[in-house]
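Two complexes come next, and they have one chain in common, chain A, joined by chain B in the first and chain C in the second.
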Partner chain A sequence: MISAGERAYITQCVEGGLRGDGRGCLDHRVTRLDVGTIPQANGSARVQLGGTDVMVGVKVEIGAPLAFRPDSGRVEFNVDFSPCGSPDFEGKEGEVLGADLANALARSVVVGPDGKAGGLDLATLSILPGNSCWVIFVDALILNNDGSLLDAVTMAMRGALAEIRIPHVEITKGDSAEVPEFEIDNEKSSKLDAGAVPIIVTVAKIGRRYLVDLTSEEELCSDFSLHIAVNAEGRVCGVTKKGSTPVHASVMQEMLELAQRIGPKVIESLDAYIVDVLGE
Partner chain B sequence: MEYVTPEGLRTDGRRPRELRKLGCQLGTLESADGSATCEMGFTKVLAAVFGPRDTAGKLHPDRAVVRCQVATAPFSAGERRRRGKRGPLATEQAATIRETLAENIHLELLPRTQIDLYFHVLQADGGILSTCLNAGMLALADAGIPLKDLVGSCTVGYLESTPLLDLNYIEESGGGPLLPMAYQPNMDKILMLQMDKGKLPVETFEVLATLATEGCRAVTGQIRQSLMNHTKQLAVARGSV
Partner chain C sequence: MALLVESTETADWLSLCHAGLSAAGASHLGAPTFVCVGDAIEIDPAQGFLRGHGTHVDPNGALRASVCGVLQRINKLVVVRPLKSRYIAETGDVVVGRVTSIAGRRWKVDLHTRQRAELSLAAVILPGGIQRRRTAEDELNMRGVFKEGDLISAEVQAVRGDGSVNLHTRSARYGLLGEGQALRVVPNLIRRQRAHSHELGELGVSLILGCNGMVWVAPVGGGEGEDEAARRRGNACRVANAVRALGRLCLPIFLGTVMGVVGISVEGGVAVREMGGQAFLERVVEWEAGRRKEMDVD
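Then we have the complex of A and B:
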């Protein structure tokens, strides 16, 4: 909910190229990234993007592959709104919002049957085709919502995935010849190659201006926004449109180009910090 | 499985009457009126307080109404928790936490209001109830709600004829009796005491209850310290020191 006066204030300011917190239209808020906040998860990170506060925990477990992709691993997304963030998140409300975000994530991050377009080579997660594979569970927890949730979640996800190591698996012929057995060697493990995983840059339009990293008030003032998943090379991996207002194709093109410019810069600064913390 | 070695060391290298490292942080969430994170060893709980506030819900004309909810993060335990309904355990724990902490609030000073307590278990490694109570105590203080006393909580157990203080997950699954206790140090009163699993001779129970009280006193000492530090920081930030 936003009052007509506040809406007019924000819209007119943006029209003049200024925002409520003094940022320019294409600037991000101060971003804080902590990697390894949950030792019991295989990978974890917390991102504070201005007032937005999210935590991502990643668990790697053995599961069954999908029937139509027997030789690939799986990635599952789940977004929970913590009632600690706001009493409004309690109950059904939060669940519906969470399912929406999880779908947008799945659409942007695991693209194509092998997942390669989304940055993860799912084939490397296969253990025994048709029988078992590694399943990567990405669980996001929203502690406070001050806009640009998907941007913050994907940033945290990048931090959490950088920590993931996949244990080495030795396949041996079991006693019964039909079902092979495997041994998991936690000592020997290899890093998950997640460098090509995209982050989401949300671009919105208020008046004639394009904005990135919107606060929740600004989100209420824009008629529509695009969640654009961009990888380190600046390629677009997925797009989700939010808001019912139709968009002109040329406007969409401009927004995509904007995300392609900004995304790689964000990834670069995130990676520089992650390498600093985790080492090579 | 051996829970206490002949040298008197536990699975994580502690002595039987030793607490785990206790970490307290206040004001960890921006949106809540009061918030805190409490860590007991690897167990980590986030608590948020909203209120005292006016809501559309049922309010009492003479005192504040306290509500409480406990959620668990899917990545909190060793195995990923499947998504689903909150179990009966969470509901029961929430009721215990609500009753215990509400008893420590001057509810009569806040008529026609509601206080919401939310807990999110970020990591589970034993002593969840105690960690929730400690985090809730800190968050209530951070929210500036009038309290009667400090509250400190810890859990004791009895395994291999040894009383153990502040059990971790492995020790909690050892099958021995568990006694979570909450204690008010200045009033010298026990706010909450439960005994789950198993039975005990009365003499042993007394030993355990004494140990739990001692543990709670140590915990409240730490809670007091972190509240003092936080208040000092606030005073410095306001320039009044």
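Then we have the complex of A and C:
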């Protein structure tokens, strides 16, 4: 909740190019990233973006491919809100919010209708077409919300995916010819190529100015925001709009271009840090 | 501007603060006794003791702390005040809170306490300012006074036995807060003082340090043109970041420290956005160490 006075103050500040914590309109907060926080997961990361605190764990398991895409792997998203974070996250409310975010992620980040758009080449995750494939489960836990959740989740996801190694699989014919058997060789694993996975840059408009990395108060001030998934080359991979206010096409165009400029820089800084931490 | 990425361990401000203060040889003001969960608390067997909050008696009859905090002895009563906790209201505290709902003849106010606080219709000044019976009409017009989402400053009138808090705004000092920003710090950092609302004249900023850890910073005045208004908003952001810096370092927050931090940021020509950075925080610790040494001399 926000009062009319706070809204007026934020709007005036932003018009003057200043934000409540002294940032400029296009500045990010300091990002804290830890990779490998959950030992049980195949890949994990925690991101703190100001007050926003997000944890992502990635599991890789063998499962069945989708019927209409038998020669590809799958990626499943799940977002949970910790009820400790805010009373708003308790019970059904948190589940609904989580499903919203998971949908936005699934739409924007990985899978296009043909299974090739987005960042991951799902064909490489296939083991035996029509029978089995690798399934990547991306589970995000929101520990605290201070705005720009999707941005933080995708940053953490990038860290977690960088850690993932896909084990080598040897297919042997089992006793019966119908059911194949797998030998999983964890020694001979290959790195998952997640370099092309986009991150989401949330761009909002307050007054006449565009803002990135909003705090929760600023989110309440803006009529609408766009979650724009951008990859390292600055290509737009998906857009989700939040808020019911209609957007003029030219405004949307400007927001997209802004995200295209900022996204690659964010990915560059993140990757430099991740490579530094993982020592590769 | 490119994104600044660092490890979560970089942000260990508490160690920074501790190291800075110890290196300067500054005392920790009266050196209170800290206890950790499970620490045995020494008691005088001849005198006996009264078990207060934050303590428990183990099966062997020894008194132990059940929270990490500062040990306080008041005659026979032994209390451990936790270092970090939700706000525990005391009568007379000035607080800043947000109206969350209107129920019956009262507003529910979120003070970040364990329970919602209540502001009764009888405890506010109504337009006209006359003390009179509250009518059904007043009850219908409650949203005209405070709406859901509004931030207000108020005083704690009473804390009831079950922990619920009653507020009042029966003074011109309290009431609706207009244009400005609210920020949150750990409530125990706010030092209880004679005055909690301050007008920082030359900065053109008003500051309310709520005992519940909510701090209100707002530009005041106006009518001098857009440049002056922008300067005041900039100053408000500077004051807000000074409070944030103190909060991050777990240093006491009152007018003296806030103005001190604002002072060194202006002196050093530190931009408002740089006030959360390591370099500036180190400078703040240095300043605080100096302040404590001065107090030791006195």
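The rule is short, and it goes like this: the second predicted complex is superposed on the first by the 275 of 280 C-alpha atoms of A that agree within 3 Å, B and C clash if a C-alpha of one lies under 4 Å from a C-alpha of the other, contacts with A are read in each partner's own complex, and residues count from 1 in each chain.
Note that in this section a residue touches a chain if its C-beta (ideal position, glycine included) is under 8 Å from a C-beta of that chain, and two chains touch if they have at least 3 such contacts.
Fair warning: this is a prediction, and the values are worked out from it, not measured in the lab.
With both complexes brought onto chain A, simultaneous placement of chain B and chain C is prevented by a clash. Within the superposed three-chain model, A:24 lies in touch with chain C and out of touch with chain B [touch as defined at top].
By the document's definition of touching, of the two partners only chain B reaches A:39; chain C does not.
Once chain A of one complex is fitted onto chain A of the other, the partner contacts of A:189 are absent, as it touches neither chain B nor chain C. Considering which of chain B and chain C touches more of chain A, the answer is C. Of the two partner chains, chain C is the only one that A:3 touches; chain B does not reach it.
In the superposition on chain A, contact is made by A:13 with chain C only, not with chain B. Of the two partner chains placed around the shared chain by superposition, chain B is the only one that A:137 touches, whereas chain C remains out of contact. Of the two partner chains placed by superposition, only chain B is touched by A:84; chain C is not. In the superposition on chain A, A:216 contacts neither chain B nor chain C. Chain B contributes residues 29-32, 35, 42, 44, 46-48, 50, 69, 71, 73-80, 83, 116, 118-120, 122-125 to its touches with chain A in the complex. The touching residues of chain A, counted against chain B in their complex, run 38-41, 44, 51, 53, 55, 57-59, 61, 78, 80, 82-87, 90, 137, 139, 141, 143-144. Of all residues in chain A, only 1-6, 8-10, 12-13, 16, 18-24, 26-28, 30-34, 46, 48, 217, 265-266, 268-270, 272-273, 277 touch chain C in the complex they form. Remark: chain C residues 1-11, 98, 100, 147-151, 176-182, 218-219, 229-230, 233-234, 237-238, 240-241, 244, 271-276 touch chain A in the complex.
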